[in-house]
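What follows is a set of structures to go through.
Two complexes, one shared chain (chain A), two partners (chain B, chain C).
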Partner chain A sequence: MTVEVQFFGQLIDKTGKSSIQIEHTASLTQLKEILFSDFPLLKGSKFIIAINNKMATEHSAIPKDAKIALMPPFSGG
Partner chain B sequence: MEKSKEYILRYQRQITLNGFGIVAQEKLTNAKVLVVGAGGLGCPILQYLVAAGVGEVGIIDNDQVALSNLNRQTLFGQEDIGKDKAIIAAQKLAEQNNLVKLNVFQQNCDQSFALEQFPYYDIIVDATDNFATRYLINDACVLLKKPLVFGAVSQFEGQVAVFNVMKEGQSLNYRDLFPVPPKNNEVLSCAEGGVLGVLPGIIGMMQAMEVIKLITGMGEVLANELLTYNALSQENYKIQIVQHSDSEKNMPTTLEAFTSLNYQWLCS
Partner chain C sequence: MEGAIPPSFIADSIAKHASKTGIGGHNIFLGQVRTDDIEGKKVSAIEYTSNVEMALEKMHEIRESIFAKYAITCMHVHHSLGKVNAGELCLFVFTSSKHRKVAIDACTECVEKIKAELPIWGKELFEGEGYQWKVNS
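== the complex of A and B ==
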């Protein structure tokens, strides 16, 4: 079972991809561990995580068919 | 009050709209909106709010026009290089619509400006290009309970949101997304990352649309939501914002605490 992870803004430069499929994990902590090991540049980057179009909190669970988005702050204007 | 023939004619195309009419037009006429920043986002916001007939529009910017601004800052021309942005913008806007009262501030948006001027306006629009001012505006709007229309761009993408507007019993702000500002070198600016002029044009117009919706009550505003637009794919991605557990503890809770915060330092 995999979930889709989409990257936004500068995170695309850091991962070299706009989206990936990764193995489903139950918790955000586990998801982040996988992402940080696959894409070390993500570590230390600021971003919010959205699960199925809703901002996740620390304890949000990840459903099996989740669409996940990593969104950094934008400053330009 | 009886409106002049000129007034009716000028706004006829929007007065004609279903559900808009003279009632919505008068709401615009009675509204006061402050646009912070007259750059890539600010120019289209100002042009469309003034064209639509928002009664009073404040413009604040401390910059001078530079040649590299002209790919996106559509209120300025070659002859304006080196001149004060807020002043030139106001001159162009006055030619566009003389029914709108323009308040011009050729200065930085600092804490004392926010505390003095924000209360006068109904809506504040964040059209700035740096985190120090963005967090300052956000915190001031939370403290003063002012609706804030946020917009920001990064390369080919842009974000839009409406903060401090009660929806389903909740009113959220930028610190619910990012409780603490990023450091200076963490996020690319337009100067470093580049920007195609059309993108801030589109995002600025989305902000102008949210302002008009807030004033007239038409449609659904982007309260408690973050919209990300991608110019290369022409795709929108909307997410629901939820209250962040660290939001309140990082926010100045009194006017004194707000005034003594060093926003430049926080973001450097």
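== the complex of A and C ==
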């Protein structure tokens, strides 16, 4: 079972990818551990996480079919 | 919308309100791409990308909150995606109301929310080569 993780803005520079599929994890903490080990440059970056288009917190559960978005500070306008 | 917002689009949008005779005041904010000078490098364009699904959802929320707070007749918002050259328009916010103050305040609040809450990112492209990611103040 995998989940889709999307990267936006400058995070694409840090990962070299706009989206990846990774193994499903129960928590965001576990997910971040995997991401930080695969993409070390992400570690120092500021970002917020959305799960299925809803803002997530550290304790949010990750559904099996989740689409996860890592978003750096917004800079529209 | 893709690319710069044409000034003629804004003129047409204003013209469409001629039939809404209850309106007494419009307020328009236009964002324009500025040629910033960063350590000798000039910004020649901004390339905008977005988490489109979330941006549309968030824009709907912003819209609802502005309509709930201000007695505006209507509000229109357009933000560019893709490349917009320096001097071209990248944001158009247009509010209308019976009286000017409501239209002005609603427009200002909407612009602030767009900058702070919409998942859109600007990549400032330098003349020649190179870029940096825009940071909103």
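Observations on the model:
Simple rule for what comes next: the second predicted complex is superposed on the first by the 73 of 77 C-alpha atoms of A that agree within 3 Å, B and C clash if a C-alpha of one lies under 4 Å from a C-alpha of the other, contacts with A are read in each partner's own complex, and residues count from 1 in each chain.
In this text, a residue touches a chain if its C-beta (ideal position, glycine included) is under 8 Å from a C-beta of that chain, and two chains touch if they have at least 3 such contacts.
Predicted model only: the values in this text are computed from it and were never measured.
Touched residues of chain A, counted separately for chain B and chain C, are more numerous for B.
Contact with both chain B and chain C is seen for A:8 once the two complexes are overlaid on the shared chain. In the superposition on chain A, contact is made by A:76 with both chain B and chain C. By the touch criterion defined above, A:25 lies against neither chain B nor chain C after alignment on the C-alpha atoms of chain A.
Of the two partner chains placed by the overlay, only chain B lies in contact with A:46; chain C stays clear of it.
Look at A:57: by the touch rule set out above, it reaches chain B but stays clear of chain C.
Of the residues of chain A, those at positions 6, 8-10, 50, 53, 69, 71-77 touch chain B in one of the two structures and chain C in the other.
Listed in rising order, the residues of chain B touching chain A in the complex are 37, 39-42, 126-131, 134, 151-155, 157-159, 176-178, 182, 186-190, 193, 195, 200, 226, 228, 237-242, 244-245. Chain A contributes residues 6, 8-10, 45-46, 48, 50, 53-55, 57-58, 69, 71-77 to its touches with chain B in the complex. Residues 31, 48-51, 53-54, 57, 79, 90-91, 111, 114-123, 133-136 of chain C are the ones that touch chain A when the two sit in their complex. Taken together, the chain A residues at the contact with chain C in this complex read 6, 8-10, 50, 53, 69, 71-77.
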